[in-house]
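See the structures that follow.
Heads up, the next two complexes both have chain A, just with different partners, chain B and then chain C.
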Partner chain A sequence: MADRPPVIVGAGPAGIRAAATLVAAGLTPIVLDEAPRGGGQIYRRPPAGFTRPYQALYGFEAAKARRLHDELDGLAGRIDYRPDALVWDMRRGALQCLSGGRNATIAYRDLILATGARDRIIPFPGWTLPGIYTLGGAQIALKYQGCAIGREIVFLGTGPLLYLVAYQYAKAGATVRAVLDTAPFAAKRRALPALLAGGATFAKGLWYVAALRARGVPLAAGIRPIAAAGDTAVTALRYRAANGAERRIACDALAFGFGLSSETQLADLAKIPFRYDTLQQQFLPSRESSGRTPVAGLYLAGDGGGIAGADAAELSGERAALALLEDRGHAADKLRLAALERGLQRIAGFRAALETAFPFPADLAAAMADDTILCRCEGVTAGEFRRAAGALDAAEVNRAKAFSRCGMGRCQGRVCGPAAAIVLAAALQLPPESIGRLRGQAPVKPIPLAVTA
Partner chain B sequence: MAASQFHRLAERDRPVVRFVVDGRPCEALAGDTVLTALLTNGRRVRSAEFGDGQRAGFCLMGACQDCWVTLADGERLRACTSFVAEGMRIVTRDGNGR
Partner chain C sequence: MSERLTADVAIIGGGIAGCSTALHLRWRGASVVLLERGVCGGQASGVNYGGVRQQGRALAELPLARRSREMWARLAAIVGTDCEFMATGHIKLARSDADMAELEAYREAVRPYGLALELLGRNAIRARYDWLGEAAIGGSLCAEDGAANPRLVAPAFARAARAAGADIREHAPVVEMASDGTQFRLRTADGLEVCAANLVNVAGAWGHEVAVRFGESVPEAVIAPNMCVSEPLPYFMVPNFGVCGGGVYVRQIPRGNVIFGGGRGIADRERLRAYPVADASLDAMRQTIALVPRLRHAQLIRSWTGIEGVMPDDIPVIGPSRTTSGLFHAFGFSGHGFQLGPVMGAVLSELVLDGTTPTPIAAFDIARFLPLPTGEGRGEG
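Up next, the complex of A and B:
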């Protein structure tokens, strides 16, 4: 048992740094990643045969992306790297992993979860129309496939990704019709002193905004989406400007998102206890700053344990690997541990400032019109979900899910979950932490029935 | 169906892959996902099961599960995380043409 290799789930910045750290200590970790090529989302690599240079793909982050990709490639032969591998269940020291149509049971003694994040969205009328994507999805279309999601594109939402993706599209030659931020201008002014502590990260954000302005892209702050219009695909977005006036902007594509949500299903199946995080407004698996969790042998790294971005993911990946090594009896380099934790703390401060500058517009979810589709998998409206809460007396989110089917579809609440929790809490006039969280269910993503038999 | 949702801005110099959507011959490029292949040839991927219209993917990262399609041989695949292949026959409509 003692020489069973450590397992890492996820090959983004956290997983890659964790793997490199374990290899440096003489171990041969198993690295399981859903993607065909490692790098994660922000440093996602295009398929073989694509030729754009790093600078075109990753801009300011080109050097970081190249370093991480080279680091992963350099580990070849020294890690048991399994791309295209979906971990779909975890329990009692074993995980289930589907790869190339074959399932493997992998027993583990210690394991680092580096499962990353996805876009956090709030539904609005018309959001399921063809042509409407998440901000992350729009970025993947461009980076991973060399495609724009449309010809006349509106970007909507809030957070650093809003401006980054809009800028990347404009730079690649797409027509950006508008960048519409739900965060009021005053929120950014309030956050300014703390944002300045972000240094280069903050400077890059300002640069994207300036570059969009210089290209004549209309930018608006403090807006509220009203509805996407269209019959078989999106043709326009209606929104309310900060001054209260209703506006309509024609488009054939729309990308939106309101920050990120942590991907936590496996942590849940592994029985790591969750706590409500007021900054991220999401239930998150408990972890110490070292990456250790209350479950012995299980560690969390990167955005899957709480959103902090790619730079923090690298630091926390290394930190979690060092904790794992220490728990295996390896000597710890106290100076390195202190440096990593200082770096993580500095980023956490900046991250809190970002939440002030780009606040999650929970009011949009609380006030969602009854006829708005809340759950796109099952076609459940906000009104149907509220009725489950009220008439059927479901004061807890899993019970409301059982009555309404909201969150019961193929995505298991990844898309609707954050907004559904707010809809329910608002309907019951309860704080969001009191209505619970959607439980993780195996398989965490759809798999062929033959695999489970 | 003349209009396409996705538009290529780069990486056009790749071998052509021929595939079929609901009996219609289409062309994509090697390295395209099935989602990219479908959306550079049209504006839809499937019809929602519960009657709220057409869908054309959403998250592109294998999280939302809104782009599952069926091949002519009955195999189901998630369009955003599967690559298009020469001769692939994709069925996006049911027997009633929806």
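Up next, the complex of A and C:
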């Protein structure tokens, strides 16, 4: 058992750093990654054969992206790297992994979950129209496939990704019709002192804003979306400006998102206990700063354990790997551990400031109109969900799901879950942590019935 | 805070049987307090396959199943919603000649109970259901069987019972229970005290825990039927089906999802949680595709399971206690209690208020698991 190789799920910055750390200690980890090429989301690599230069793909992050990609490539032969591998279920000691239409049961003793994050969205009227993407989805289209989601694009939402993606599209030649931030300007001013501590990260954010402004892109803060318009595809967005005036802006594509949610389904299936995180406003699996969880042999690294960004993911990936090594009896380098934890703490401070600067507009979800589609997989409106919660006595989110079907479709609540929790909590006038969280159920993502063992 | 309630009948368990009993008792004017440890329909009643099936049952269950089927047809009138009940038909598929012989024998055996079954041979079944694969060589169709949405049924009975005046308490686990010969005294974890002349034990997989408090120790095991559901597909499969010898059971709902079950998950009776098992899901997927090849390209989107109580002879315990006057049991439905849920309310309310029920239940007597008193038979079983 002790000889069983450690397993890492995810080959983003956290997973790659964890793998490199384990290899340096003489181990040969199995690295399972859903993507065809490792790198994760922020450093996602285009398919083999695409030749766009790093500077064009990753901008300021080009050097980091190249270093991580080189690091992963350099591990070839020293790790058991399995791309295109979906881990869709797990229990203590075994993972179910689907790759190339075949399923394999992978036994493990020690496991690092580096499952990353996804876009956090809040539905608004018209959000299911063709031409509307999440910010992350829009970025992947550009970075991975080299294609834009449209020609005349509106970017809506809040958070650093809003400005980054808008900037990347502008640079790629798309017309950015507007960047509409739900966060009020005053929030950013309030967060300024703490943001300055972010140093280079903060400076990059300012640079994107300045570059957008220099291109004449209209930027607005403190807005509220009203509705996306269009018959067969989005043709315009109506929104309320900070001064209360209603505006309409024509577009042929729209990208939106309100920060990120951690991908926690595997941690849930692994029976790691969850706690409500008030900063991220999400239930998160419990973990120590070392990455250790209450389940022996299970470690969390990167955004999957709580959103902190790519730099923190690298640090926490290394930290979790060192914890794993220590638990396997390897000697710990105390200085290195202390340096990693200091780095993580610094980023956590900056991260809190970001939440102040770009607050999650929970009010949008709480006040969602009854006829807005909340769960797009099952076509459940906010009104139907509220009725299920009220008339049918469902004071808990899984109960409301059972009665309404909200969160029961293909995405299993990964898309609508965060907003649905707020809709329910607001309808019942309860704090969001009291209404619970959607329980994880295998498969983590859909798998074909015809899978072969 | 300690609250005290007095009622004619206390009910332990908020599954379909318990909630239906509360409703029936209220119809006849008895006062009712129902204590549910979690939420109504949160366990087996709410997470099962949803089959409303008479075909294939033990003959002893058929009088109950027939009477319950009549209630399913009237569900909207009883609880205000049909809970998506549809008489889709249920086919029991044969995969061998021996299976066909078994189906023929069963059809003859159930004739006296008024259950009409239509046997379909190899050509007939494929002519009627072109989606069936080669693995099926025939089957038996029960046209009046069907399915319903299990998530809705127990809560619907609970709401109807509440509207009729039943006092239904959720999150109220019973920690103490005793009888002084005339009254039952129950206490919940929160300190709620209930005093009642009658006690109905419809605690599902935990029914034996109530029974043993009154000196009736019975061997109730647990199972966790492993369930799966696909993404929505075009609606093509109206009847739901099972196979001779078990293995897999499959149904499609009009909105398109295909629900199928087979094998066992893991039941954690103490923690009240159950977990599906990947190997069981994968095996059910294989069997389902063999019977319905066009599902090959469908995607599985969710698996789940729940905890069900199972008796050694695969039929429930139903009837009065053999030790304690005023105590009535109905538990251990052994994985096929959903269809019987509604009728249990009728039968238990009759047992409590009339001391007898017109529906034969002798086979379910708890005495079959108790030490045989000298000089007394066990009934006809």
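Rule of thumb we're sticking to: the second predicted complex is superposed on the first by the 449 of 453 C-alpha atoms of A that agree within 3 Å, B and C clash if a C-alpha of one lies under 4 Å from a C-alpha of the other, contacts with A are read in each partner's own complex, and residues count from 1 in each chain.
By definition in this document, a contact is a pair of C-beta atoms (placed from the backbone, for glycine too) under 8 Å apart; a residue touches a chain by one contact, two chains touch by 3 or more.
Being a predicted model, the structure only gives us computed values, none of them experimental.
Chemist: Between chain B and chain C, positioned on chain A by superposition, is the outcome a clash or a fit?
Modeler: By the criteria stated at the top, chain C and chain B fit after superposition, with no clash.
Chemist: Now for A:P446: first (chain B), second (chain C), both, or neither, which partner does it touch?
Modeler: both
Chemist: I'd like to know which partner A:I140 touches here: chain B for first, chain C for second, both or neither.
Modeler: First partner only.
Chemist: Determine, for the superposed model, which of the two partners chain B and chain C contacts more residues of chain A.
Modeler: Comparing chain B with chain C, the partner touching more chain A residues is B.
Chemist: With chain A as the corner point, what is the angle to chain B and chain C based on their C-alpha centres after superposing, as a multiple of 10 degrees?
Modeler: 80
Chemist: Pick one for A:R410: touches chain B only (first), chain C only (second), both, or neither.
Modeler: In the superposed model, A:R410 contacts both chain B and chain C.
Chemist: Touch check for A:A253: first (chain B), second (chain C), both, or neither?
Modeler: In the superposition, A:A253 touches chain B alone.
Chemist: With both complexes superposed on chain A, which partner does A:Q41 reach: first (chain B), second (chain C), both or neither?
Modeler: The first partner, chain B, only.
Chemist: By the touch definition at the top of the document, which applies to A:G49: first (chain B), second (chain C), both, or neither?
Modeler: Touch partner of A:G49: chain B, not chain C.
Chemist: Who does A:I149 touch here: chain B (first), chain C (second), both, or neither?
Modeler: Touch partner of A:I149: chain B, not chain C.
Chemist: First (chain B), second (chain C), both or neither: which does A:G131 touch?
Modeler: The answer is first: A:G131 touches chain B but not chain C.
Chemist: Which partner does A:N103 reach: the first (chain B), the second (chain C), both, or neither?
Modeler: After superposition on chain A, A:N103 lies in contact with chain C alone.
Chemist: Rounded to whole Å, what minimum CA distance do you find between chain B and chain C in the overlaid structures?
Modeler: 5
Chemist: Across the two complexes, find the residues of chain A that touch chain B and also touch chain C.
Modeler: 409-410, 446
Chemist: Using the touch definition from the top, list the residues of chain B that touch chain A in their complex.
Modeler: Against chain A, the touching part of chain B is residues 5-14, 30-33, 36, 39-40, 43-45, 48-66, 68, 78, 80-81, 83.
Chemist: For the complex, which residues does chain A have touching chain C?
Modeler: Interface residues on chain A, with respect to chain C: 89, 91, 96, 103, 105, 392-393, 396, 399, 402-403, 408-410, 412, 441-443, 446-451, 453.
Chemist: Please give the residue numbers of chain A that touch chain B in the complex, ascending.
Modeler: 34, 41, 46-52, 56, 118-119, 128-134, 136-138, 140-142, 144-151, 172-174, 232-233, 252-253, 263, 373, 376-379, 409-411, 414-415, 445-446
Chemist: Which stretch or stretches of chain C touch chain A in the complex?
Modeler: Checking each residue of chain C against chain A gives 39, 42, 46, 151-152, 155, 159, 230-232, 275-279, 281-282, 285, 288-289, 295-304.
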